[in-house]
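First chain A sits with chain B, and in the next complex the same chain sits with chain C.
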Partner chain A sequence: MSKPKFAMYWAASCGGCEIAVLNIHEKILDVDANFEVVFWPVAMDAKYKDVEAMEDGSILLTLWNGGIRNDENEHIAKLLRKKSQILVAFGSCANEGCIPGLANFSPASEIMTTAFNTISTDNPKGILPQPHYKMPEGEIHIPTILPMLRTLDQVVDVDYFMPGCPPESHQIAAVIDLVIQALQGKAQLPPKGAVIGAGASTVCDECERKRNVKTIKEFGRIQLQHADPELCLLEQGIPCNGPATRSGCNSRCPSAGAQCIGCYGPAEGVSDYGARLVAAFGSVIDSNDPAEIDRILDGLVDPAGQFYRFNLAGSMLKASIPAIRANGG
Partner chain B sequence: MTEDTKTFEPTIIGFTCNWCSYRAADMAGTARMKYAPNVRLIRLMCSGRLDPTFVLKAFASGADAVLISGCHPGDCHYIEQNYKALRRYHLLKRVLGQLGVEPGRLKLLWASAAEGAIFAAEINKFVEEVRALGPLNYNKYPLAVQAHGMVGTEVPA
Partner chain C sequence: MQRITIDPITRLEGHGKIEIFLNEEGDVANTYFQIPELRGFERFCVGRPIEEMALLTNRICGVCPEAHHMAAAKAADAVYKVEVPRTGKMLRELLYSAFYATDHTTHFYALAGPDFVMGPDAPVAERNILGVIHKVGLEIGGQVIQMRKYGHTVVEIIGGRKVHPCTSIPGGLTKGITKEQRDEILEMGKWAIGFAQFSLKLFNDIVLGNKTYVDLILGDIYTHKTYYMGMVDENNKTNFYDGKVRVVGPDGKELVKYAPHEYTENVAEHVEPWTYLKFPYMKKVGWKGFVDGADSGIYCATPLSRLNAADGLATPLAQEEYDKFYKTLGGKPVHQRLATHWARLIELLYAAERWVELASDPEITSPNYHAIPTGKPTEGVGIVEAPRGTLTHHYWTDERGVVTKANLIVGTTNNYAPISMSIGKAAKSLIKKGTVVNEGLLNMVEMAFRAYDPCFGCATHSLPGQMPLEVTIRKADGEALDVLKQYID
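Up next, the complex of A and B:
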């Protein structure tokens, strides 16, 4: 009997998700023992036409990481959706946009200018990449950038969501174990649309730091102060995103002395990650005077960046007004 | 003011609290005061109940502006929850500003149960301010986006 087929693809992402998969160490041998890897551009040579030639639904499991930034990403997302039985949005980019999604603060034209026409670029004629170009040998094509970055489920139907930037390796190993057991009939897969490989609660819930009543007179950046190693970071005025962030990482950053930046995305029941943090941070400010509130808030130098670092493309508003208007919205 | 903004009828979602600002609206109604019909009021028990998510959802669903109203400072039925609303309002305004939403599209208004006339006058003022800003159109976010042509500079031959 032939083994079930496995694919992994990267779109607008950094490649960290692929490394996280390899970080499961000897468990990767289980993947090889139980699956036939048919398509995984970072690990093996494969052509899109090979995928196009496969029968629909012939790939059992596809892990997709990365957001949809250009028309090539969109084409492959639709292709792999057709060819896969189980499509997993793998990692923060595919789930909620992540760092590439921060580009949704700006119109695509501005992104091109920044990339090709700023002072650090030697481009005196202001040449931009052209998606189609006629050469003597024939016309050549490169992918075309789309006006905004979209998450995978804004483009195709997604079966499971696995958050994290990147997903923790022990969570990946557990998910792979579960799929293998389900293949052998020893376990059941969760219902479609479920978040897998993560907890349902918040990072604060897993955090071991001591918590008291929070009353904040001043926000400060972590690198500028000596934080108490035992005490809740937010209580010390360090903007920590734990209250809104999904658990599943064993509270890694706060345990290591750094604030949670929110890479596991919104916790169960949070419909807008940034709004939840506005509520959380707003309620712990220790002042009832508008002028003093404003002074305290000045300590949060970039609130939208703080609250939407990983989540802008997947948030309720999805992009800034200039980005939307540039797109005819 | 352009021709467009003169004829434009803004849609405003207004969140009121059960104890003061909703009663102010009620008072305006029973006293037959007239005010602009652009505000859709939603009653919450308290302005402190206002999850900032509600404001973002209103904008994402096509509202041109959002009004948050509650009891005057010190008068909150739940002692101090309107102060939470105040602090969240200040923070939310900064976040929305970074997203390019004009500050004039989010308004905080304290109104006691006796201030029907003030409530009506403030709404009239707010509607005109938003009319001047024009539509926000957050709900026009096109999920099926068109490709960006990347043109603008010709490639030299």
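Up next, the complex of A and C:
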């Protein structure tokens, strides 16, 4: 009997998801033993037309990382959706846009003009890359950048969502174990649409720092103090995103003295990450005076980034109004 | 006009693409190496707090996030004009040394190794990491995995995470290390020195002991005479984490040595309308197109470049290897791009020695790892040597330390022009009068840019060590004449 087929693809991402998969070490041999890897550009053959030639639904499991930034990403997303029985949005970019999704604060045209007019760029004629360009020898082309970065489920139907930037290797190993057991009839897969490879509570629930339910008079910056290594960072005024962020990472950053920046996305049941975080921050502010509250909130120097750092593209907002307009919305 | 398309070259972000045009005689008229993606970090870093740059720009590259973490942290130090305490600097460099050793190991064994250990002409099925392990022994394969595990462990102990470290902040770090952690790091570092020495011996036995390989390295096809860039300390010895950027010419003489904040006077980026990546060059020499030589500002920033740009290495065992390298290859500078693989192993040894040196320092466990910045944030540049080239981060902020402008010149970008030239030269050497050397073209084009370990190719080979390539040769009317495949069923 032939083994079930496995694929992994990266779109607009950094490669960290691939490294996280390789960091499961010997578990990678289980993947090899139980699956036939048919498409995985980091590891092997990357021809699109081989995928096109496959029967629809012939790949059992596809892990997709990366957002949809250009027309090539979109094309491959649709292709792999058609060929896959189970499509997993793998990692923060595919789930919610991640850091590259912050690009949605501006129209794509501004991204281009900024990148090609920096202080070190020698570009007196204001040249911008063109998707189709006629050289003396013939026309050559590159993909077209789309007006907004989109998440995978904004482009195609997604079966499961696995958060994290990148997903923790122990979570990846557990998910792979589960799929293999399901193949052997020893376990059941979760219902379609489920979040897998993560916890159901918040980063705070996994955090070992002490909380005294203390309130604050100002927000501070992590570099402008020596934070107490034992106490809750938020209660020290450091804007830590733990209260709104899904558990599953073992509270990795707060354990290392750094604030949670929210890479595991919204906690279970949170429909708007930013709104939940605003509520959590509001609950630690020690004031009822509107003017004082305003002053305290001014200590958050980048509210838009603070509340939507990893999930702007996947949030209800999705993008700034100029970017949405440029997208024809 | 005939046209050859190599599409896609699997890479880190999407797919690179090579277009080769032939003239009426069937010789190569021109080649274009295109990069198809742009994510726009320089735009959306604006508005974010300066301390987040070390966290956000990590996400440019998940293969070398440590490099962005460090360059951004150093730029943020400069923005506040804060001096990081000695322990803070050492901890950052210790993390960075362990990362370097890991990254260079991956490249040599999984990516480049198969070409040399198995040979460029070995059967495709054997030209991969598994073939290397079969040839050199399973035990060595286990050691390669061990080396990678050790490196990641150090990154996690100091950086808080295995991928996308989070502990460097303006003025130092959020945490230090305990004596127990220091002992663990030190033991792993000592092991790493032995591993690096073993790797150099392997290279010596298999590659330098084989005339065919030596001829390949010294041959003209992979030779370009360009400027070379690398960071050096006050004694002009290579340093990955800190120092000044030194550039030497094709004759080996110093062109310039600049401090990070002087980079805009020295480096500029050329734009072409057919690709999303820019082409950096030495500003004072100028952009003269895709040509090498002293009159062309094109430079290289690779392990080979770093050795060429420095007067030596600061650790004893690596210095011995440095001397042997130039003695064997006929003096400085070395222009043969395939020697980059050897240079990378010498850097692996240096990184391991530096790892032990730093871990042995009594102050490494001091709690004095962070200085609170007191200056007004304004503007700052941070430079480190990423494994794939000099990495420059430049930020401007308002008085609250919120970024108002950003400029990034990323490791591999430095080498875009020389890689393009190397691909062109390989194509010209192999395609003459319409005759294509089938297997050879694919292997040799691949090897031309693998030497640079470009980020858009670095992860390509991670597991089986294979680069899928397909070359379609078309007549002027678009009809396919021939399709050449490698690693593609």
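Everything that follows uses one rule, which is that the second predicted complex is superposed on the first by the 322 of 329 C-alpha atoms of A that agree within 3 Å, B and C clash if a C-alpha of one lies under 4 Å from a C-alpha of the other, contacts with A are read in each partner's own complex, and residues count from 1 in each chain.
Criterion: a residue touches a chain if its C-beta (ideal position, glycine included) is under 8 Å from a C-beta of that chain, and two chains touch if they have at least 3 such contacts.
The model shown is predicted, which means the values in this text are computed figures rather than measured ones.
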May I ask you to decide whether A:M8 touches chain B, chain C, both, or neither, giving the answer as first, second, both or neither? neither
Under the stated touch criterion, which partner chain does A:L317 make contact with: chain B (first), chain C (second), both, or neither? first
Just checking: does A:I222 make contact with chain B only, chain C only, both, or neither of them? Give me first, second, both or neither. second
Per-residue contact with chain A, leading partner among chain C and chain B: C
With the two complexes superposed on chain A, say which partner A:V203 touches: chain B (first), chain C (second), both, or neither. neither
Go through the superposed model and pick first if A:A77 touches only chain B, second if only chain C, both, or neither. neither
Is A:I145 contacted by the first partner chain B, the second partner chain C, both or neither? both
Which of chain B and chain C A:S255 touches, first, second, both or neither: second
Between chain B (first) and chain C (second), which does A:P166 come into contact with in this model arrangement: first, second, both, or neither? second
Could you tell me if A:A20 is touching chain B, chain C, both of them or neither one (first, second, both, neither)? second
Of all the chain A residues, which ones make contact with chain B and with chain C? 105, 108, 112, 127-130, 133, 145, 302, 304-305
Contact set on chain A toward chain B in their complex: 71, 105, 108-109, 112, 125-131, 133, 144-148, 150, 154, 271-272, 274-276, 278-279, 281-283, 285, 287-288, 290, 293-294, 297, 300, 302-305, 307, 315-322, 324-325, 327-329
Across the complex, what residues on chain C touch chain A? 1, 3, 8, 10, 12-15, 17, 19, 21, 29-30, 32, 34-40, 42-44, 47-49, 51-52, 55-56, 58-63, 65, 76, 80, 145, 149, 152, 159-164, 166-167, 169-171, 173-175, 263-264, 267-276, 278, 280, 283, 287, 370, 372-373, 394, 400-402, 405, 407, 409, 459-460, 462-464, 466, 468, 470, 487-489
Residues of chain A touching chain C in their complex? 10-20, 22-23, 25, 28, 40-48, 50, 69-70, 72-73, 98-100, 102-103, 105-106, 108, 110-112, 114-116, 118-123, 127-130, 133, 135-138, 140, 142-143, 145, 165-166, 169, 221-227, 229, 252-253, 255-258, 261, 263, 301-302, 304-305, 309
In the complex of these two chains, what residues of chain B are touching chain A? 51-53, 55-57, 59-60, 73, 80, 83-84, 86-92, 94-95, 98-101, 136-138, 140-143, 145-153, 155-156
